[in-house]
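Next, two complexes with chain A in common: one pairs it with chain B, the other with chain C.
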Partner chain A sequence: MEDFPLIRLEGISKYFGKVRANSHIDLDIRAGRIKALLGENGAGKSTLMSILAGRLEPDTGRISVEGQIRRFRSPKDAHLAGIGMVYQHFMLVDTMSVAENVLLGHEGGFMISPAQMRERVRKLAERYGLAVDPTASVGSLSMGERQRVEILKLLCRECRVLIFDEPTAVLTPVESEQLFTAMRRMAAQGKAIVFISHKLPEVLSVADEVAILRRGEVVDAFERSQVPDEAELARRMLGRSLFKEPGQAAFTGETEESGQGARDLQQVMSELPIARIRGWGGRAGRGRRIAQADSVLSLDGLSCRGAGTAGFSKVSFAIAKGQILALVGVAGNGQKELVEVICGLRRPDAGSLKLLGQDYREFFSDLPEQNGLGYIPEDRRGVASCPELSLVDNFLLTARKLFSHRGLLDRKRALRATRALIADHNIIPGNPQARGRELSGGNLQKLIVGRELLRNPRCIVAENPTQGLDVAATEEVWRRLRVARESSGILLVTGDIAEALALADYIAVIYRGKLVDLFSAANQEKVDQIGLMMAGSASAD
Partner chain B sequence: MMSGWRIVSRTEPREWGSVVIFAAAFALSLLICGLLLQVQGKDGALGVGLLLSGGFGHLYSYGETLLKAIPIFLCSLGVALCFRLQIWNIGAEGQYVIGTLGGTWFVLTFASLPGWLLLPGMLISAMLAGGFWACVSAVLRQRFGMNEIISTLMLNYIGIEILKYLIYGPWRDPAAMNFPVSPYFSDSAVIAQIWNSSFWLDFGLSENIVDVMAQLCGRAHWGILSCLIAGCLCSFFLQKTRLGYEITAAGSNAKAARFAGIPYSRLVILVMFICGALAGLAGIQECSATLERLEPHIVVGYGYTAVVVAWLAKLRTVRIAFFAIILAGLRVGVENVQLELQVSNSFANTLEGIILITVLAGQFFNDYSLKRKFS
Partner chain C sequence: MEDFLPYLAVLLPAMTAAISTGAPILYATLGELVMERGGVLNLGVEGMMMVGALAAFLGCYHTGSPWFGLLCGGFSAMLMSMLHGAICLIFQGSQVVSGLALTIFGTGLANYLGTPYIQMKIQGFTALDVPLLSSIPVLGPIFFQQDVLVYLSYILPFLLWWLLMRTRFGLALRATGENPAAVRAAGISPGAVRWAALMLGGFLVGLGGAYLALASMRMWVDNLVSGRGWIAVALVIFAFWRPGRAVFGVYLFSGITAYLFRAQALGVGIPTAFLSMLPYLMTLAVLLASSLRGKDSGAPADLANNLRPED
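So, the complex of A and B:
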């Protein structure tokens, strides 16, 4: 048996139309090992894992389990072969208990004893070090605990291969550490773990072996012990040595020479019939008189009850032009509601909110089309884009008013602008008629960021702008935000401390709808406590 | 083991294949209709033959088909616009009725106006009446969260009851021997037929040609112009205007619309109004051109056929025209079958339903292929 790896992928290829997602991929997955799958956005990681999990069928190639060739026609086939996946979006029933969720859909006897169920789940949780109360209702759990329930579901079905798709995106640093401990424990007990991540430090800390995908091919595969540090790992991943140190001062004020795309964009924008956008070389528009106060965004005692969620209460801070304030917290602590209130999608219950020196009612009643508010939402596919429409149409989503004159839409010009934006941001595929859903998350995000910055907003709200993005794309988004800061104030909402430290001047930590603390990013003592503050276990003073 | 075929999802859309799929599905639906007739003890093959020849096989079929295609096309254009925004308006029938009432009211009230005022006044009045009737559902939906499917459907029945009340009551023609009909419209409020034999005879055209043309055009009327105009405007609106774009975007993803500051509620009211106006226009033209007065017969389910057409056409304007003509032709054909084989008049509805189901089911093959299993 030891001659065969637990899972062997051989010559796997998958095409979507003419797009090559996977090409002749060979990969071995061994019991007791943690394998990290690294690659840029659109490198084909998700496709490959979907094939392994039975959600897609490969065009060519074969999968063998313990040396026997198997075909997975559905996720059920993969499940039967002992392969399970922990998705980024949990599939749990909130109103049911942990034990019920774990055993849901589990084939067994007709009669179920609740006590036995709880006992079984408790034992399982103990064995793998996944602390969670079997009787608790899932709705009351933190994201980290919910993830453990998802893992328990797979373990309970006796999965031998567990695939984790960016599992730390929703976790606090402490929860991430706990997850890694559990992963090592699972591996020690003979499970095979596949771990998809963009975060190089995580890969270095947890993986036994690493495979790197680029343009649908495995370009490199090696033992963890062969790479000494992040820089080397990044170099292997990108195939070029691009950056200095992740998350730190990659930006030193160097002016990136503007490429052809940027020049084209400049050209199109300056030609718009109403050249009133500052910063695009148009006439220095008759733009609205905006209070020259430095404060771009100020909140004072702002509160809002969420619909079915806790919302937030008494939040106060101010952001001036040229500043980035990072609001750090684990997802679900009121950030979403706060962002919706600031962006005019929800009304606050109490407190004051001023944008560009104006009360929010006044501001939103006559929303300035440019030099106003730019919002980069977290949910790229559900909120920020229309997956079924073309890139041009997606580009027009918030830029439509700039490209219309007397109610008529100037599609030709919008097409040129989209082409230029695609070239400028190096978006793949480069066809402006491609549909939104054909883009990988990172490329879609590039389009969205480009689109939102196009109107030269004075106030920018960016919600987890680099979640799920690879190193290169993350650097690119950060660079754009830093450039945008020159003329605006930015509220960066993030769950990633590294991102906050890389960008922000000030850091505010939110927990259960309240600001725990607000401090300068240079305050090392406070910075060291961020992880604890996010978990609610540090006092504000 | 299972059969030797398996289902594979297609990554690229079919090109001409989808036309073949449509034709096959259509043929299948006719086959099913033939079998249904056979079960009733009629000659199925003859029935299908009568169906097709009635709608498309004779010289006189075309005018009659066109006549019915006009209201179906107009209603369907509006319905498709609503569907594009994911507003499931199935109230074109009621909007058609109320529009007719609005137009009739204008004609009966201002009968003495000169033609150049009466005719446009009638059309505008009908469009406004239909439009506002549709807006009732739109406001109920946006203000009170009422499901538009329920409200538009219910308002259809209310609209028809209002029609009955007026025709049996205040608007009944005293000279009509107690029949529930309104007085005839004044001549200037009647929309003319396309082929005017006496005009062309006076013009000096030979009697043979005039005769053939009269058969060919039948009762088709100048309302066809309104179809051309409405179709062009609708395409232009959707492709070239900002509002049209906003409708497409909001229909594709309502959350994204909210994010982008698209005024969703206003769009809902707008598309419902346009749909109601088009349906109202269809109703009053039908009333004025074919009956020349208001009769209960104007309600024949064009509003529901329009929903079928919109779905079959996947909301595309040119395809709506195509399917409007096909379904109109089948309606004419069914009349032929009824006459010859004495089947019930609900056979027309059955036929429409079967076509819708087979063609929609056939669209499965646009997204999936069957492939042979290899062992």
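So, the complex of A and C:
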């Protein structure tokens, strides 16, 4: 048996329509090793792992487990072969206890005893260092704890291969460290770990082997020891795509260069009737001038009880033009409700909220179509876009007023604008008639960011704008936000400290609905404490 | 003081009646509860009970065996339930529309097929005193001088609680009602679980209908079920989807009804029209009362949503 790797993928290919997600992929997964699968958005990492986990069937190629060829028709087949996946979106039942979740679907007798279940889960948790209370209801757990429940589910089923899909996206820095410790422990006990990531420091700190995917192909595979530092890893990951690559255009079926897209967009926008009359980027819409006050967004003692959640209370801060304020916190500490209130999706209970110097009631009663508010929601597929609509329609969701004339949509122009936007942002696939759901998360985000910035908003709310994006796409979003800052104030809501430090002038930390502290990003002493503040364990002074 | 005595005197027979009029509703409520815990909303309970009642009546009428009639009742309602399953689980139809159609169809079908049998009598189940227990003062006559299906209905909530909370099938069933994706990820087919819930729940609803024909009336009349199916649907909500509370809700409901009927017989000025309106009024009241709990009602999170094809 020693001759065979635990899992061997050979010549795996998968097409979605004409889009090539995976092409002739060979990959070995060995017991006791942590393998990192590195690649940009849409590189095919998730597709490959869905194939291994039995959720998708490959068009060609074969999977062998310990030298024996297996065919996975459903996740159950993969389970039986000892392969399990920790999904980015947890597959848990919130109303049930940890123990019940862990033992759901576990083979065994017909009857179950709660006491035995608890004991079993407790022992398992201890063995792998995954601290979580077996009796707690999953709905009351933090994201990190929920992830541990997911891992325990797989361990309980005696999975030999554990696949992690961007596991640290929802974790605090401390929780991430704990996860890595648990991963090493699992590997030491003979499990094979595969983890999908595009965070280079993570890969360097935890992986034994690295495979790099680009456009559905494994372009490089090597031992961790072969790369000395992040720069080298980044070079290998981005490869030639760091520089302009001719292959890109061939893949999208479009032959526009990046600069051309931006020029096209400028051209389309300047031709819009609304822009001709009022000057694109010049004045506010509907003939109403927004006061050119310096304060873009100001909150004073703003409170809101969430629906079934804690919400937030007495939040005060102000953002002026040219500033970026990062609101940092672990997901679920009131950020979502705060953003909803600021963007007019929810009514505050108390306090004052002013956008561009106007009370929120006045502001939202006559929302300016230009130079107003731009919102980049966290939930790209739910709030920001309609998966079943084409890219043009998705583009028009918030830009529609720019493209309507006497109540009629100018679809021709919208199509041109979308095409230009696609070229400018290098969105794949490049077909404006493609449906929203055909885009990977990163490409969809590019479309959303482009769409929101198009109206030259004075106030921008960006909610985890780079979550799940690869290095190149993240840099691109950051660059565009920095450019947008010239003419606007930006509220950046993020769980990623690195992102906050990369962009923000001021940092506010939120915990359980209250601002723990607000300080300048240059205040090194405070910056060092952010991680602790996010966990609620630092006292605000 | 003397004025109240007659009202107190009817309390005992009223409670005895509450137990026997509550039993069919209890069967139906628990049946609907099983289906809803699995995530399938079945508004066809009324129609299923009608079909179950007729099948039970016919089974008993033609063979003379009430037990055979009971099985006929259970299985016929199960078939109706599977029709709902075919529409919602296979063809992705709306659960609400399918359930309503099932009620209209079942009521119409049973009334039509039952027309030749109106007022015909069957032997059915009669009261069967439990030795010793039935001679306990007060409690004996109320609880232990009933028919055998009532005794079964005492055990049923415990059995169902055990099934839901202490078996793997129950765990999968509850999880399917909350988050089918998690169930699928665990290697169980949520569709299969929902089919099982529909069949088991449908059978229980059918027993409720059968009880009306075999034990309550022991003959066939038009519109035998007359709204009890809807009460069962409402009581599931009132019970926050828990078997124990369902028992409480059923007997509270049947108790009030039984008492008011007897109070009327004593000459209290309650119009008959009001009494026949009562089930529906109380259904509304139950729904209003339960909705006060808002989001925390305990409803299965995926209730009434169809399963998405594998993605």
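Keep in mind that, in the parts below, the second predicted complex is superposed on the first by the 510 of 541 C-alpha atoms of A that agree within 3 Å, B and C clash if a C-alpha of one lies under 4 Å from a C-alpha of the other, contacts with A are read in each partner's own complex, and residues count from 1 in each chain.
We adopt the following convention: contacts are C-beta pairs under 8 Å (C-beta built on N, C-alpha and C of every residue); 3 or more make two chains touch, one makes a residue touch a chain.
Bear in mind the structure is a predicted one, so any value in this text is a computation, not a measurement.
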Touched partner set for A:87, first chain B, second chain C, both or neither: second
Contacts of A:140 with chain B and chain C, given as first, second, both or neither: neither
Partner chain(s) touched by A:260 [first = chain B, second = chain C, both, neither]: neither
First (chain B), second (chain C), both or neither touched by A:345: first
First (chain B), second (chain C), both or neither touched by A:384: first
Touched partner set for A:100, first chain B, second chain C, both or neither: second
Touching partner for A:75 - first (chain B), second (chain C), both, neither: second
Contacting residues of chain B [partner chain A, same complex]: 6, 8, 11-12, 239-246, 248-249, 252-253, 255-256, 258-261
Residues of chain A touching chain C in the complex: 55, 74-76, 79, 87, 91-96, 100-101, 103-106, 108-114, 153, 307-308
Residues of chain A that touch chain B when the two form their complex: 15-17, 57, 73, 344-345, 367, 375, 377, 379, 382-389, 393, 396-398, 400-401, 404, 407-409, 411
Residues of chain C touching chain A in the complex: 166-169, 171-172, 174-175, 178-179, 181-188, 295-296, 301, 310
